[in-house]
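Going by the order they are written in, the chains are A, B, C and D; count residues from 1 in each one.
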Amino acid sequence: MKLLKQYWLVLLILLLTAAAVLARTFCHSIFKYDAGRMAKPSALKTNLITEEQLSSLKGAVLLLNLGETGISGDKHGNFTMKVNPDSILVPKYLDKIVSQKGPVILSCSENSVSARIWMVLTQLGIRNLFILTADQDPEILKKEFRPDTLSMPEL
Amino acid sequence: MRNKITILLLSLSLILALLPLTANRSFTEKPGKLLSDVLDEDVTFSVDQVARFIVTEDSTIRIIDLRKPEEFRKLCLPGSVNLPYAEFIGTDPDMYLNNRNIKTIFYSNSDLDANYALVYARGLGYELTYAMEGGMTEWMNTVMESKFSGERISARENAVFEIRTRAGKLFTELNSLPESEKVRFMESKKFSARKLDGGCE
Amino acid sequence: MGPISSSFIFPEWLEMLAAFLIGTGFGFALEQGGFSSSRKLAGMFYGYDTTVLKVFFTAAIVALIGSQLMSYLGLLNLNQVYVNEFYVAASIVGGVIMGAGFIMGGFCPGTGICALSIGKIDAMIFVAGGLTGAFLFAESYPLIQDLANASYRGPVRINESLGLSSGLFTLIIVAAAALMFWIAELAEKRFARPDITAEI
Amino acid sequence: MKKNYMNPYLAGTMLGIVLLLAMFISGRGLGASGGIKYCVVSVVGAVDRQHASNSVYYNKYFENGQKPLKNWLVLEIFGIVAGGFISGAVSKRLTFKIEKSPKISNKRRLIFAFLGGVFFVYGAQLARGCTSGAALSGMAVLSTAGFVTMIAIFGSAFAFAWFFRKNWI
């Protein structure tokens, strides 16, 4: 008792800090991961997957169909979930994504939407999340530029 | 007193040692708000809008090229600044985005990198950030290959066409420059990373 | 989300006021800790009064732990907090010169200014010497420019060069400090001097 | 009746919280020697502007019409004076006096105080920070420069302590 009386302030500060830290650590509805580190796969392009690679994936795959024209996973025997992009954080869907053991694949006809959803979900701590793309690397420019060697610009 | 403070500090640092702590930062926006923000239509600009900014030399707009330096040297939008995507997420974006009066437009070759960057920047609280729809691919398709088609043209279409032609001309002029001259020109537009205040200097 | 200065642009008067208030807190804490007395400060180097050591390390550790906890809780962005630039030669040579100045004058600049404010005449002379020192440095800058800018390493963090997490490094520092406090109190008993508080 | 000094650990905690506040508000640590430098720079600028603009060193402080006195570090120094004065008034420690070991003369104490000041601030300019700016604030952000400077200051003070023992013991 005497000890408690002497150390009550120390204990109080410790408990409060521990509580705040624990609350932060176990809260799922806030961003708490290092943004740069989580985003790394997107710079390395290891978060992209083609249809070909998808069919060779083994194990339980969760396919998130984000639009009207996304592919259906039935032909690969995968589990497909159709989600409107703006309701992806609704607990009904999010819980499923969080509890998914195998890879989660984002499928959408628009890469821009997949990219945004990927970044949001990844920053929430979901790993093993891939974007289904038509190409191995859509970030390669296929257009050729024809320089005009006659024009001289005024700089 | 010594014991109390020593014990307190020791246990606090023990907590710290157990945390997966890095000196870096996580997103500050609330997930729900961030999601609805970035799914909104007004986070993107079409290539035509960007062409207009370029032609009018809009000073409230900054265009960031997220592609690799060698791609940038070969081909870039007039007035854009190069900041490779990997570097963008590897450093503190405050150095590039801290200006609260300037809108930043990201572009890459397609849609992916620009939209990652858009969410990344907005998640960290930089609201005036946008992506260019379709990236460089779309620019080449729409602006550079724009042609008159059909017989009659409305005033609006005519205005769009006019902008495209002028932007296309600027683009061609810049990118037709010999490599050495282009590098020199780009060096002058490099990002000067803001230094933090502090110390006794 | 801190630091406030990174998300909110202070008008000049507010920034100056903030600087003044932080300085006030700084001066108050220094004076209360006994840093306005040169004999207490110098006492550390002879073992009879280790107040400096205790206050200095406690302060550094409190700020160290506090900033990291705030960073973890999302209250402070440590990337936006200034990290001192490391010029290897200048840090060491400058530190050695400062140590010599410390033991001669009995103050460091912050404590000197603080002691001056409560009327210590020796502190006023110390600060006058300090102004002279700054003037001499400015005038001799062309001569020592090379030394001042030699072996620049940038704003490096010590735990990163050692490959430790900042939390673990903090724990080590705190443990070392706790040990040091214990030794310091032993030393105080060993090298005890007649109480000089009355003379101060 | 003079009050005793605060418990050093408590005072340290208070100082640490001030430092933390400084980091939180401005993203920078505490500093004292920098303010002294700015005072000198502004005096030199006022006395001989020509000299100031020709020198490599002063020059940068007068770029684009800056006023060296209107500066974070200078205001912080004024704050230290105010804070020290308040604390001295609260604890009834306000007196004009020369603090020294009874064994030495006033003159000796003042000469050494002056020399100490010259050395300390000279070293602080070289190392880009003094005990507060480099060592204390630097340690709080785990900066290598802070740790190295701290070890150099205390190490050299211990090493030189023997030569100046008469002044203090």
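The rule is short, and it goes like this: a residue touches a chain if its C-beta (ideal position, glycine included) is under 8 Å from a C-beta of that chain, and two chains touch if they have at least 3 such contacts.
On a predicted model such as this, the values are computed, not experimentally measured, just so you know.
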**Complete:** Contact-count maximum falls on chain pair C-D
**Message:** Can you work out the whole-Å distance between the CA centroids of chain B and chain C?
**Reply:** 40
**Interchain centroid distance [CA atoms averaged], chain A/chain B, Å** = 20
**Centroid distance [mean C-alpha coordinates] between chain D and chain B, Å** = 43
**Prompt:** Can you give the whole-Å distance between the Cα centres of chain C and chain D?
**Reply:** 8
**Fill in**
Where chain A touches two or more other chains simultaneously, the residues are 17, 21, 30, 32
**Two or more partner chains touched - positions in chain D** = 9, 12-13, 26-29, 32-33, 37, 72-73, 124, 128-130, 133-134, 137
**Complete:** Going by residue number, chain C touches two or more other chains at 5-6, 54, 58, 61-62, 69, 72, 74, 78, 80-85, 157, 166, 170, 173, 181
**Prompt:** Which chains touch, pair by pair?
**Reply:** A-B, A-C, B-C, B-D, C-D
**Prompt:** What residues of chain A sit close enough to touch chain B in their complex?
**Reply:** 6-7, 9-10, 13-14, 17-18, 21, 25, 29-37, 39-40, 42-44, 48, 85-86, 88-89, 110-113, 115-120, 123-124, 131, 138-143, 145, 147-149, 151-153, 155
**Prompt:** Which part of chain D faces chain B closely enough to touch in the complex?
**Reply:** 7, 9-10, 12-13, 26-29, 31-34, 37, 72-73, 124, 128-130, 133-134, 137
**chain C contact footprint on chain A (complex, rising order)** = 17, 20-21, 24, 30, 32
**Message:** Applying the document's contact rule, which stretches of chain D touch chain C when the two form their complex?
**Reply:** 4-6, 8-9, 11-30, 32-33, 36-37, 39-41, 44, 55-58, 70, 72-73, 75-88, 91, 93-102, 109-110, 112-161, 163-165, 167-169
**Request:** Would you pull the chain C residues touching chain A in the complex into a rising list?
**Result:** 69, 72-74
